[in-house]
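What follows is a group of structures, each given as structure tokens.
The two complexes that follow have subunit A in common; it is paired with subunit B in the first and with subunit C in the second.
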Partner chain A sequence: MEKDQHTHIVKYKTYVYVLIVLLFMTFVSVAVTEIDLGPYTVTMALLLASIKSVLVLLIFMHLKFDKKFYGIMVASVFLLLACVIVITFMDYLYR
Partner chain B sequence: MSEAVNQHTEVSYLEYKGRFKGLFAWIFSTDHKRIGLLYLYSMLVLFSVAALLGLAMKIELIAPGKTIMDAQTYNSFFTLHGITMIFLIVVPGLPAVFGNFFLPIMIGAKDVAFPKLNLLSWWIYIIGAFIALSAQFIGDGPPDTGWTFYAPYSFRTGTNMLPAVTGAFVLGFSSIATGINFIVTMHRMRAPGMTWMKMPLFPWALYGTSWIQVLATPIVGVTLLMIVLERTMQIGFFDPALGGDPILYQHLFWIYSHPAVYIMILPAMGVISEIIPTFARKTIFGYKAIVVSTLAIAFVGYFVWGHHMFTSGMSGTALYTFSILTFFVAIPSAIKIFNWVATLHKASIDIQTPFLWALCFLFVFMVGGLSGMVLGALSTNVHLHDTAFVVAHFHFIVFGGTGYAFFGAIHYWYPKMFGKMYDKSWANIGLAIFFTGFNILYLPMFYLGMTGMPRRYYDYVDEFHGPNIVSSLGALLMISGLIIIITNLVRSGKHGETAEADPWKGKTLEWTVASPPSLENFEEIPTVTKHPYGYE
Partner chain C sequence: MNDHQVHIDEHRDDEGAKTGMWIFIFTELLLFGGLFIAYSVYRYLNPLAFHLAAEELDTTLGTINTVILLVSSMTIAMSISAIQYKNKKLTLILMGVTLLLALAFMVNKYFEWSGKISHGIYPGSMTLQEASRGELLFFGLYYAMTGLHALHIVIGMAFIGYVMYLVVKNEVQHDNFVILENSGLYWHLVDLIWIFLFPLFYLIT
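Up next, the complex of A and B:
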């Protein structure tokens, strides 16, 4: 049902920059485990992982250049999972 | 619904000769209709086995103490009954059989978006089924954990857990692949003119279901994998002795398995939404409300898993949050019920077998839904948790909901699928016996649960004897009805009268093609101009 499809070519330089950021974030993810954040340890790990996922989705998977509709669908899924995680932690934080 | 009525001259999908012959023409076919039937036949075999296991359990419970099996056998029977019924029949059931067969036809497409992936889904299903069922015959004895595989028992039991868990893990891939296939099919392959608000309600129900399959199934997949890792590599996820948390397992399991209830029930609601307007000869009341409530159930259904865990030791905050959310999910379900009933108001009803199944569905689903309200309230749940009341509620919802819709669907679409008409008298007799047996079987279990009989016990005190006798006799009656229903359907495949293209005077696209349909369904893709239920 969809008619107009176009390709978008991302520069190699952009991919390399994103790769560097991803590697840096991986390093931060490991380093942050040395800090005792108590119940927020998981929050921090999920936050860092989410930022990395968003970068991959936007740049490597071309979501940034695609129709907004797909962005909304992916964002809805993220929101859903975020709600599930928040509700789960309502048990752990208040137990 | 469509301007073009397809007068077919092509051979039907049943007679079509492709690259392969005999059995191979079926198990290597990428035709969505043949794949739907492959699922149907596989499930029929598995259902027969699982139903007989259920009957054996009810015979065991006809008297206190050991009757026909010992406690350990009883444990393995309810485990196998649950695994087979849930993972192999009820979860894939309606989407895999009727979704595969009718989704493309109902939206005016020649097949699903990815036919090879569709066939792969069936193969994964079969492989998963073999792995899960192999647990019964190899290793250290059949699993005895129940279908929920609750930790920490699931990795401490000496029984053969790994194949059962691995099988359920593999089956998840089949479910995800089917979900992706259906979502893409509905987004990309609707016939010209079929806007979202002109799409029939069964495809809409499959749309909501598919999103749950895609988003929730990976969670249980990972959870089951964690059990495997915990059992084999002693990694502490759920075992307190290893630093794990058993309640985390329950969270993860139910984050999938509660939405899975909606994987079971949403397509059932879709079937009922097709049957009722066809036999009421009337446009369905509140089409948009039913669509919105379908999506609302799919969405809110994600957030109510904790009501399975009210006695697990969760925090008070989580308890009342889940309880409130559970009451919210009842609203869209009730909207559907009211819409179906309103459709019947002042309708010119043609009472046929599928319609009777739909009416029975309304009754049993209401009983199941209202008893769910009792369980959703914290105070009553504490009393009724893990009693026979829960088993009764669950069977009224899942068997009463999905099972009745499944039989309603097969009686509704049978002439289209096979080009034959079944014997209506025997079909109605079978339904009457089945419905009577069903209620005699499960209603006493509400009473048993309220008076304190725990679930999953093979023995009980003398006070529970009377209701258990009634319940067991109900099981025998229900199985008798099932035998009549299935025999009638199987026999009619060969001896039934030839069916017309539109025996029920339906309005959706599947009734515009031949019975049985040709390989590609439509000689020419139809252009849709009208509402799917345009009776007025």
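Up next, the complex of A and C:
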């Protein structure tokens, strides 16, 4: 039945915990970029942003609780995007 | 006998509605993905100019807007739980808070942009015409990408406002709330894009 997928109710507490983690990572990324880590600054900032986006996708956007095929679709789109980024940069780095 | 009970089959496809929303979100992700690639390539080609230009941006304002968007993302996510618990009042409060936070984001953006414009940094300004090509590219991308994102905020506010009206009218209820979920998904997309815009423009210098 259609309505079965809606039976899962995410607790308010879960959202609060996720928000705390997201805010913490935001402040960490601000702090990390303030102290200069050289080339690792970009890596750290983007790594933290990626972890944050995974949290938003899984919990806030309910991918963790929804049917699997939504998650597979989202993963494929990000994979496509990653491929395009890699191919573009291969062109610019090795031309 | 209960033959007087008439079962009316409502024409409704929640899963289809949600899948449609996700597919729309994918097009948005690819749109912004393309802009992110343009930004990365130009940054790679003009590292020094991008470094100098990024120093101009106010990290504090960017951080405040990040916090605002993250909290608003939580409140709209909570409103879906609230409607499932049949708590209409809390649903409306949480959606209202989301709208207020979105407004706060836009007010912040207004001050940020007007500050830049008063310093003569805007597309086509004299200051930028004298600046290097890299700085021109940085601020062009800055206005285009944060502007497009701000447009999404405004559209998201209209969408959430409309769903609020539906909640008030009892057209969105504990067993029929896919449009609330979809407006939430759209709002999280806006948050997701900002999660990457923030480090790329404000943090990495």
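Everything that follows uses one rule, which is that the second predicted complex is superposed on the first by the 71 of 95 C-alpha atoms of A that agree within 3 Å, B and C clash if a C-alpha of one lies under 4 Å from a C-alpha of the other, contacts with A are read in each partner's own complex, and residues count from 1 in each chain.
We adopt the following convention: a residue touches a chain if its C-beta (ideal position, glycine included) is under 8 Å from a C-beta of that chain, and two chains touch if they have at least 3 such contacts.
The structure displayed is predicted, hence computed values, not measured ones.
K.L.:
So, does A:77 touch the first partner subunit B, the second partner subunit C, both, or neither?
P.N.:
both
K.L.:
A:90 contacts which: subunit B (first), subunit C (second), both, neither?
P.N.:
A:90 sits against subunit B, while subunit C stays out of touch.
K.L.:
Per the contact definition in the header, classify A:56: touching subunit B only (first), subunit C only (second), both, or neither.
P.N.:
So A:56 only meets subunit C here.
K.L.:
Between subunit C and subunit B, which one touches more residues of subunit A when both complexes sit on the common chain A?
P.N.:
Counting residues of subunit A touched by each partner, the higher count goes to C.
K.L.:
What part of subunit A is shared between its subunit B contacts and its subunit C contacts?
P.N.:
2, 77, 80-81, 84, 88, 92
K.L.:
In their shared complex, at which residues does subunit B touch subunit A?
P.N.:
It comes out as residues 187-190, 215, 247, 251, 255, 299, 302-303, 306, 313-318, 321-322.
K.L.:
Provide the residue numbers of subunit A that touch subunit B in the complex, in ascending order.
P.N.:
Checking each residue of subunit A against subunit B gives 1-2, 77, 80-81, 83-84, 87-88, 90-95.
K.L.:
State the interface residues of subunit A toward subunit C in the complex, per the touch definition above.
P.N.:
Per the touch definition, subunit A meets subunit C at residues 2-3, 5-6, 9-12, 15-16, 18-19, 22-23, 26-27, 29-30, 33, 41-42, 45-46, 48-49, 52-53, 56-57, 59-62, 66-67, 70, 73-74, 77-78, 80-81, 84-85, 88-89, 92.
K.L.:
Give the list of subunit C residues in touch with subunit A in this complex.
P.N.:
Touching subunit A from subunit C are residues 12-15, 18-19, 22-23, 26, 29-30, 33, 36-37, 40-41, 44-45, 59, 63, 66-67, 70-71, 73-74, 77-78, 80-81, 84-85, 175, 177, 181, 184-185, 188, 191-192, 195-196, 198-199, 203-205.
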